[in-house]
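The next part holds the structures, each set out as structure tokens.
In what comes next, subunit A is part of two complexes: it sits with subunit B in the first one and with subunit C in the second one.
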Partner chain A sequence: MNKVMEVSGLTKKFGNFTAVDHISFDVTEGEIFGFLGANGAGKTTAMQMLCGISMPTAGKGTVAGYDIIKQNELIKRNIGYMSQKFSLYEDLKVWENIRLFGGIYGLREKIIAEKTDALLKRLDFEQERNTLVKYLPLGWKQKLAFSVAIFHEPKIVFLDEPTGGVDPAMRRQFWEMIYEAADQGITVFVTTHYMDEAEYCNRVSIMVDGRIDALDSPAALRHQFKAGSMDEVFRQLAREAERGD
Partner chain B sequence: MKQFIAFANKEFYHIIRDNRTLLVILGMPVVQILLFGFAINMEVEDIRVAVYDPTPDAFTTGIAERIRQNPYFTYLGNVHSMNEMEESMRKGELELAVVFQQNFQENAVHPGDAAVQLLSNSSDPNRGSIAVTYATAIITGYQQEQLGIGRIPFQIRTENRMIYNPLMKSSYMFVPGIMGLVLMIICTIMTSVSIVREKERGTMEVLLASPLKQGPMVFAKTIPYMFISIINLIIILLLSYFVLEVPVNGSLLLLLLISVIYILLTLSYGLTVSTLVDKQINAVIVSAITAMLPVLMLSGMIFPVDSMPRVLQALSTVVPARWFIAAVRKVMIEGQGFIMVWKEVLVMTGMTFFLLGITIMNTKKRLE
Partner chain C sequence: MRILKFLIEKEFKQMFRNPLIPKMIVMYPIMVLLVFPWAVSFEIKNIRIDVVDHSKSTYSRRLTDKIAASRYFILNDIPPDYRTAMWNMEQGETDMILEIPTSFDVDLVKNRASAVGMAVNSVNGTQGLLGSNYVTQIVNDFSSELRSELTHTLPAQSRASMMRMPRINIVPQYKFNPALDYKSFMIPGFMVLLLTIICGILPALNIVMEKETGTIHQINVTPVNRIGFILAKLIPFWVVGLVVMIISVSAAYLIYGLWPAGSVVAVLFSAIVFIFSISGLGIIISNYSENMQQASFLVMFFILILILLGGMFTPVSSMPGWAQAIASINPFNYLTKTFRMLYLNGSTLADVSGNLLMLALFSVVLNGWAVVSYKKRG
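What follows is the complex of A and B.
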């Protein structure tokens, strides 16, 4: 299997504080990789380094075949990113948001138009085409944000707590979209708070105090920690954490 | 280029959809132009004065001497022709000219009626009229003194001419000031807020993770504000022409050129602010304190720069609006050409490049 991401010894320090402490892992093409950890464990910082937004203090790695230190601009062309905070523009219409990000990723106007039609049809959003995004319910916004993040068909999509604040039924639908994307060959790198969602991943890593303390498939982790659910695994590990929220 | 257009497009939507802000932006110059209808009186010092005396005699040298000694005046010397005087006034060196009639003393003694003309540069109307008042008082005082000595009674007529602003309208002074203020508010505050808003809402992170380069992104953000500023400029000029009846005496093209340079300057300043703060509220506070207050206090919009203490005068040289307002007054009110405003244009251009340099240095490609 092809590795789309390989990282070793990745570290980020802010002054004396080590936010991310020598993490190493790899991600296989088409995989859904869960990146778990309590608040303040360093997930977002690690993810920002992988996306080429933040410069690592030490360590090396490649994402989508490009060096995270020297080729971060090339990485950006080949990934999608959905941030923790809602990442679409509320005062733009649905189609305007899609066109904006299509334009930013350099897609041609004609292709954008075709793909927009197809996307809205698939999401059953056609009647909302001209609605301002702020009038959409939260679950719809997040579905749209995800669709926009993979609109340019990236090799990897990074999702930073994509389902925060959404009801369980909507989360279920959202994960169906993630599976669809993975079936199309897009590797999914996702952080989450919800341990039930961790079960949906092919493999998960659990970060504690900036380190990766566990990394395997959910079933193997449950076995290793003799736990009935991922939630228990997570609680066992988080108990050792020194950093609070 | 495609990215750039897509992004600039988005910025237009932001502005058009935000009705309330749009109303404020476009309404502000209208309200201000109509509000600033009153003058504020202030003490005036260091009035640069010169004397034209075709036939010197005891009376004229007596009056000239008193003007020379008066603490409110800075005596520049005598001029030798009306042309010389006009030239000096046009250059802005001279603010008040005292022009004696030929054979002044003879006239005063024989028909008992002599005339002296006071010409003042009234593109700043307060200063102009106060200069004339001072000079008139000195001449009247001299006359009283001579009468007291017991010579034959005579009368000195002073004829005043307010050059460049014959009707002494204070709107002549405020229109350039309002242009300086409004453009500063729109370009600096609005631009910095619009960039910082993306940081605050988290959309900046998504943009940073996209192939969109920060340079084009920031530049695309300035485009809509540039458009609005030009619309505002046109509104101000139309209002001042039709409502306040302030003419554009100089070249309209030159006036627009100066304004565009100033718009670029204030936009650069907005960008600089946006690289220094990361909350919208801070952007507003920093812009308001460092951009708006100096425009009101130090630019010469309300308080003449020449009557400020030296320290403030020195401080005012770093206020962009000071140069803009000076240049606009010269072109719009005094009708001067490029040759008279090159210094202001140069200073503003220099400031623009300086601020852009700082912005580029501060702009980090990656989040830190």
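What follows is the complex of A and C.
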């Protein structure tokens, strides 16, 4: 299988503090890759280096075939990104946000209009077309943010704790959307600290204090750590952690 | 650039949905044109003046009479020489000295421009600045009076040559604003303030808002480049700034009868050149602020410097050296000067081209800095 992402020795320091500490991994095309870790483990920081908005202190890698150091602007054309903090425009309507980001990624007016109709129908969102985003409930905002992130059909979508603060029913719906995207051939790179969600991923890496301490399929990890669940695997690893809450 | 269209569209939508900005765009010009000029109108009357008349001609006497008759001046003395006048000033008996050169009438007759030398008491800078402006107005007035007299008394064939003359130092101005007052003096300054707020400060705060809400982060992971992002931010404010400027110029005419003695096109053109430089400063402020608190602090700091060291209230010439040095790199100062020249002195675009050149230079430097300091990658 093709690798859509390959990283080795990726490091980010803030002053003396090493937020991400020589991590190496690769991600296969079409895969759902879970990027796990406690709060403060360095997930967001690592993801930002992969998306080309944070300059690595050391290490190298490629994303969607482009060098993360030198070709970061080219990477941006080929990825979608959903930030940990909701960051669509609250004072724009649902359709206006979709249109804006469609336009930013270079889609034509006509395509944007057609795809918007189809998307709203699929999400059963048509009655909210003209709602200002700030009036949507959190779960819907997250769904919209995800839909916007993959609207331009990127090669890879980066999701930073997409289900943070959302109720379990909504989280399941959200994961259904992730599967749909993966079925369309979009590689999914998702961070979470909900361990039950780890089971939904093809492979997961577990980050502790900036390092990747384990990386494999959920089944293989359970076997390796002789654990009944991913939660247990995680607790064994997190025991030595110094950071986090 | 198709992306730009989508971004500008977004900015306009947000601008009109903002709970504050549309109100500010309406309220600011009203405050600035209707309220402030009255509030700060420390109009100066009864400036004591000494006229040193070396010319002792009919013309120079008429000019002196005009000055004495004006409600702004009290003719203190007509001393025989400059030294006596200086002595009077040192004694605190007079505020201002006007020196009329020997060749004043000869120059007028010879149809050549004449220089009226002026010395201004610098103990009270505002008084000196206003006073010399009043004198300039009166001299201008006198000059156009002479011109029409001469044109009427001369046969038609020499009218063509009359068109050039007589000029006293400054191009004769239209008499739209014969009763020069402090308001007319301040309003061009307030227009500069409006442009500074709309095209400099509002975009800066707008960008920092996007940092605070995190939306700029989302834009940074897209292919939008920094120039595109900045341009999309600025263009709507440029448009609004120009609209507000046109409204202000019209309102100043309708309310105060104040119309540029020079060309109104020159006023708008200078405004545009200024807008580019001040938005560059705004972007720089936003680049160095992570949140609204930092941005507000920087905005306060720059606003104070721009205004206080911009010649709006205190004339630059009466400032200490270090302040003059700052004023010489202050865009606010150059546009205030330019607007006053265009409004009150009847200057032409050519007369203010030096100022505009400086503003253009600031635009290049500030915007270059703005683009370089905009970080898309941490």
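Operating definition for what follows: the second predicted complex is superposed on the first by the 243 of 245 C-alpha atoms of A that agree within 3 Å, B and C clash if a C-alpha of one lies under 4 Å from a C-alpha of the other, contacts with A are read in each partner's own complex, and residues count from 1 in each chain.
Everything below uses one rule, namely that a residue touches a chain if its C-beta (ideal position, glycine included) is under 8 Å from a C-beta of that chain, and two chains touch if they have at least 3 such contacts.
None of these values were measured; they are calculated from a predicted model.
Per the definitions stated earlier, placing subunit B and subunit C onto a shared subunit A by superposition produces a clash between them. Of the two partner chains, subunit B and subunit C are each touched by A:77. With both structures placed on the common chain, the touch criterion links A:9 to neither subunit B nor subunit C. Residue contacts after overlaying the shared chain place A:168 against neither subunit B nor subunit C.
Contact with neither subunit B nor subunit C is seen for A:137 once the two complexes are overlaid on the shared chain. By the touch criterion defined above, A:185 reaches neither subunit B nor subunit C.
With the contact threshold set out at the top, residues 48, 51-55, 72-73, 76-77, 79, 81, 83, 85-89, 91-92, 96, 99-101, 103-106, 132 of subunit A are in contact with subunit B in one structure and with subunit C in the other.
Across the interface of their complex, subunit B is touched by residues 48, 51-55, 72-73, 76-77, 79, 81-89, 91-92, 96, 99-106, 132, 158 of subunit A.
Listing the residues of subunit B that touch subunit A in their complex gives 2-3, 5-7, 9-10, 13-14, 17-18, 201-203, 205-212, 365-368.
Residues of subunit A that touch subunit C in their complex: 48, 51-55, 72-73, 76-77, 79, 81, 83, 85-92, 96, 99-101, 103-106, 132. Note for the complex: subunit C touches subunit A at residues 2-3, 5-7, 9-10, 13-14, 17-18, 213-215, 217-225, 376-378.
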